[in-house]
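To keep things simple, chains are lettered A, B, C and D as they appear, and every chain counts its residues starting from 1.
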Amino acid sequence: MEKKDLLKDVVKHVDMTSFDATPIINAMRSMSFSSRDTANAADIFMMMMKEKECLNVLVLAGSTSAGGCMKIYSDMIKYKMVDVIVSTGASIVDMDFFEGMGFKHFIGRQDIDDNDLREMYIDRIYDTFISEEDLQKCDTAIKEIADGMKHGCYSSREFIREMGKYLQKNGKKPESLVQLAYEYDVPIFCPAFSDSSAGFGLVKHQWENPKSHVSIDSVKDFRELTMIKMFCKESGLFMVGGGVPKNFVQDTVVCAEVLGVDVPMHKYAVQITVADVRDGACSSSTLKEASSWGKVNTTHEQMVYAEATTIVPLIASYIYHGKAWEKREYKRLTQIFEKYTQEQIIEKAKAQQ
Amino acid sequence: MEKKDLLKDVVKHVDMTSFDATPIINAMRSMSFSSRDTANAADIFMMMMKEKECLNVLVLAGSTSAGGCMKIYSDMIKYKMVDVIVSTGASIVDMDFFEGMGFKHFIGRQDIDDNDLREMYIDRIYDTFISEEDLQKCDTAIKEIADGMKHGCYSSREFIREMGKYLQKNGKKPESLVQLAYEYDVPIFCPAFSDSSAGFGLVKHQWENPKSHVSIDSVKDFRELTMIKMFCKESGLFMVGGGVPKNFVQDTVVCAEVLGVDVPMHKYAVQITVADVRDGACSSSTLKEASSWGKVNTTHEQMVYAEATTIVPLIASYIYHGKAWEKREYKRLTQIFEKYTQEQIIEKAKAQQ
Amino acid sequence: MEKKDLLKDVVKHVDMTSFDATPIINAMRSMSFSSRDTANAADIFMMMMKEKECLNVLVLAGSTSAGGCMKIYSDMIKYKMVDVIVSTGASIVDMDFFEGMGFKHFIGRQDIDDNDLREMYIDRIYDTFISEEDLQKCDTAIKEIADGMKHGCYSSREFIREMGKYLQKNGKKPESLVQLAYEYDVPIFCPAFSDSSAGFGLVKHQWENPKSHVSIDSVKDFRELTMIKMFCKESGLFMVGGGVPKNFVQDTVVCAEVLGVDVPMHKYAVQITVADVRDGACSSSTLKEASSWGKVNTTHEQMVYAEATTIVPLIASYIYHGKAWEKREYKRLTQIFEKYTQEQIIEKAKAQQ
Amino acid sequence: MEKKDLLKDVVKHVDMTSFDATPIINAMRSMSFSSRDTANAADIFMMMMKEKECLNVLVLAGSTSAGGCMKIYSDMIKYKMVDVIVSTGASIVDMDFFEGMGFKHFIGRQDIDDNDLREMYIDRIYDTFISEEDLQKCDTAIKEIADGMKHGCYSSREFIREMGKYLQKNGKKPESLVQLAYEYDVPIFCPAFSDSSAGFGLVKHQWENPKSHVSIDSVKDFRELTMIKMFCKESGLFMVGGGVPKNFVQDTVVCAEVLGVDVPMHKYAVQITVADVRDGACSSSTLKEASSWGKVNTTHEQMVYAEATTIVPLIASYIYHGKAWEKREYKRLTQIFEKYTQEQIIEKAKAQQ
């Protein structure tokens, strides 16, 4: 079997605007188990839409962007459903930026000899394939971006913004998440940014510039995300998967407190995951548990136990067709870092207390 | 809190004809992970529809009937999608017959003190409630049915047929699965029949009639189901959950062989489950594993890893709107036990070899 | 690859007497997550040992007998740890009786083409193999046993007792569970008995004797198990896996009530399983949920989330070395069906109320 | 209920030297399912011990340090079993450094109202409690450490080294992982370092020093870890949980390649996790899948499906009592960053190719 035979059928990203899941979600509301949980999650996300001032955070972990949900997430920016994104590096760099560069994910299989794939330079994500050679072009682009930047310490948000600018110029796909986020001033944070294809390009950049170079400071990420939370006050989380991004965004409530500002816990929280609650890890920890830490309010929280590609399209389509987003405005939160000093933000937050 | 406050909101069973999931399933076909698996499962079920002669078996374990999928299963009979049913006792007696008698499942919660529920005679199924008193009326009806039957050994299928007749006369809900199966001559098998509310009524019947009484012979179940497999030759399985019903129906291939008839393995097999493959149990064993036992053909098989109430409505709606079922006919397999001797069936099967 | 190369390394059943897990269990008591749950489960099982009059029920589902725990279960009979067994048919017939006949389970692999296995007549249980030809000899032995019995309706317990007698005469392995249970008068119930290799032999027996034959009446099983519960009053459950056996034994409390006898709920309950609680099925339903049904007392109950072969040997070794079993006596409960009428048992039970 | 009643029973960390799990592991080798996987994982870890030159990496995600395995991990340093650690921030800061400061984890419960806990400043990790006030003292210590450092960009490894130095002076518990790692020159990397209690202290430090401050550069982490991989050539991974640390260390193979050095894939890999493989995420992705990416060799890899607190103590005790570690030497890899330039390391690596 040859590489071109295995990289033939492209993963097509589901379009939430192309079908209306409203009757399904409505039916699920009067059912049981995960279907009722799904409807409840959709209802909570809808409340977030209707509360115009609420900071809506999209939290991404796992590979659903590769697996056909990529357009949902970029459409969420376009339709003002989310105001900030916290993600693993892979979702942003290896998947979204990757497709923004014109590369594709392919329909693969899980029952294949991985040694054979390696020899063909095919990388496998469960039942999905990409070309390792395409991915290396991503690494190179990242290095190129870093090489062009003023040396110093950046948050991942600042670097990803440069990636958006790069795609606007060099991209091959009009509406990648990274590019749209750049254009709509939506901040994207990857608290473990170098744990992705970006890591390779950045290490190479530093290797070649050992004395002075671009660094990614994850403390700055945390600081900026906490400033956003302070700035907006109320917030809601729509979480696909868990891991570092889930914990990171939840912690902003505590971080604000550490900085002397009393912000409310996250008012809304939805998580879709198959992680098992019984191992004590963060990915699987319940949203009620997060409440003991003072992070999430228990009134409007829902975990949905499902592999997310089956559920996210339904909820997203329901929200889209519900049209509550039409009354929302672009928050353009990236601009607060240009417009306000940290002191001004803290003052505003204290005034809102 | 009082009982009537907890038993207020009724579980409404989703109607697969009321919305069209075709665009969603079509989109899932080009995605990854469980969504692609869902589309593939739908495609296999569609092949079963198009192969008019194929014996379509609905296999039920778990509580999806209680959880809002009950109407889907009875509609599958009505629309000629399934020709025989193999199920746990609970799905047939505690859930379907129960609602056939006019009782209801209620929207409950999982985070409630079960000792309080017990004192109020409320039974909990994860997040769903029923009244224990209603369930006891089921037990009584079962005993009444048994009391009215000629003493002797019956298969569960024969007994469930009497339950259908009983509902036709005394039922309060027009289209229960048990009643429709009776009317359309669809055999229902519960290989562990007394492991359900039926067990209580039947034990009481036997207790009062210790010398001579109605017995449920699970060997007869196995014999009859194997005869059906022999009679129809090709077969496909649509399995919701696993457990005893899954293994039972798969074993008919081997059983036919033991009786000297070479029948083909199940040609199509779909299973929707959250059971974890790694514990070596049957519920979770892959359909490929079943192939090593000579039970299931590996060409058209798909396991979908999902809590079934989120997936079954999508697949069912897709199949309904696909209309391939319109060309199928009611197989009325119950009648073969009246029309043919066991020798005639075996002869027919040998002729088909 | 040839069959003999794949069936070479035998699964050896772990001997709980050969190592002492006491220090590990003691350490786990002060840890967290599943390790603490394991220690708590061991403590509950120990309470069951110390309460000499308590009816200790071993509940088996899944394939741990095949997977190396077979000797633990037969030793539990020998060392008076359990007084009655409720099991899937597979654990009793395909696994234990199978090895009692002199056959073996073999160390296999899960990553192998199941079509190849089928051609070699090798059956796969996840990573474990058996020879299909050996299993067929089991079917034949079952048929032989049935052929030699007086025609009529039997409980699975009565039939399994005949299997024990058969092994005493024809067996090749001294201490199979089935044989020991026969010798120590420990009743074994398989509520879905024909869903196992026994089904094949019994169907063939009935096929050859269509007018009059041996039948397995699962209602009788339920009646007998309820009589045992009534006879002993207090009870504790040690459950490996879930499924039909779990529900069946739990239901005896309700069944006794239906027969007019007020018996206490199961006082102790331990379950080791990987089933996920979120699908609403019985295998995964919590023991607290069972309490809402009036089946299990919530004071001493523990679910352990683990693949059982990793945990059962630790708990069993802890119990064995704890020696509380030394003060227990063989309850020889099989004999109550010979010594007492159903009326006498009910009278005794009412007197104990 | 008062706080002091809930924080009474301390989690005691299991001591792998205090019991010998060798007979259990030996028995598991001839069993099936997860027990055989456990034995195989132990065997692979033993190979890592015997290969003296092999870089042994301990990878930590999840909360097993909090849950009673903390001493195992620090003993692994002491007994030369591991040469480098890659971890989530929580395991290092919130758990290990926290106890190093003299604070404790407590035996809690999962079925408690989290709102009540929050009011008492008790944080819950599934069934385990800590005092929020103690944790805040950790944040303060971190800030103090940062305040005392020369401003600039550090890897998490460099910062954690300062934490070790701090504990040597101010710690209350002799053998914390962080302190032992400092004393034995074992590098610890947290690729998402600010996603932990450390984040709070560091944000506060930066907030107070907005112009010039300590930053944590995750690119530097990746660069340093890749240098270690290059320096040692062969490597093996012992992974508890998955998430960012798992992916991060696996990527070093690819990163070396990007820097022009051909290093071998990780030769040994063990992962203990309950993550479900079917969601396409990294935590759950099989080690075979990692092989398609050119990261892990498939010859000696084993995933064990278990909640790690039940399995890690068995494997660790087996390794300890096997004594192969006695022949190993402390690699003191921290020193390579002082002794060698990056050019020298790359030269050495190329010479080893």
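We adopt the following convention: contacts are C-beta pairs under 8 Å (C-beta built on N, C-alpha and C of every residue); 3 or more make two chains touch, one makes a residue touch a chain.
What you are looking at is a predicted structure, and each value in this text was computed from that prediction instead of being measured.
J.: Using the stated contact rule, I'd like to know whether B-D or B-C comes out ahead in C-beta pair count.
T.: The comparison resolves to B-C.
J.: Give the label of the chain whose average Cα location is farthest from that of subunit C.
T.: The chain lying farthest from subunit C is A.
J.: Between subunit A and subunit B, tell me the centre distance in angstrom, where each centre is the average of that chain's C-alpha atoms.
T.: One centre to the other, that is 41 Å.
J.: Could you please state the distance in Å, as a whole number, between where the Cα atoms of subunit B are centred and where those of subunit D are centred?
T.: Subunit B and subunit D have C-alpha centres separated by 48 Å.
J.: From the C-alpha centre of subunit B to that of subunit C, how far is it in Å?
T.: 26
J.: Find every residue in subunit C that makes contact with two or more other chains and list them.
T.: 32-34, 63-64, 66-67, 125-128, 274, 276, 278-280, 305, 307, in rising order.
J.: Once bound in the complex, which stretches of subunit B touch subunit A?
T.: 9-15, 18-19, 21, 23-24, 27-28, 30-36, 38, 63-64, 66-69, 105, 107, 125-128, 274, 305-307, 309-311, 313-314
J.: Subunit B touches which residues of subunit D in the complex?
T.: 32-34, 276, 278-280, 305
J.: Show me the residue ranges of subunit C that touch subunit B in the complex, using the header's touch definition.
T.: 61-64, 66-67, 88, 90, 114-115, 117-118, 122-128, 132, 136, 139, 153, 191-195, 199-200, 202-204, 206-207, 210, 214-223, 226, 241, 243-244, 247-248, 251, 254-255, 258-259, 273-283, 285, 288-294, 298, 307-308, 342
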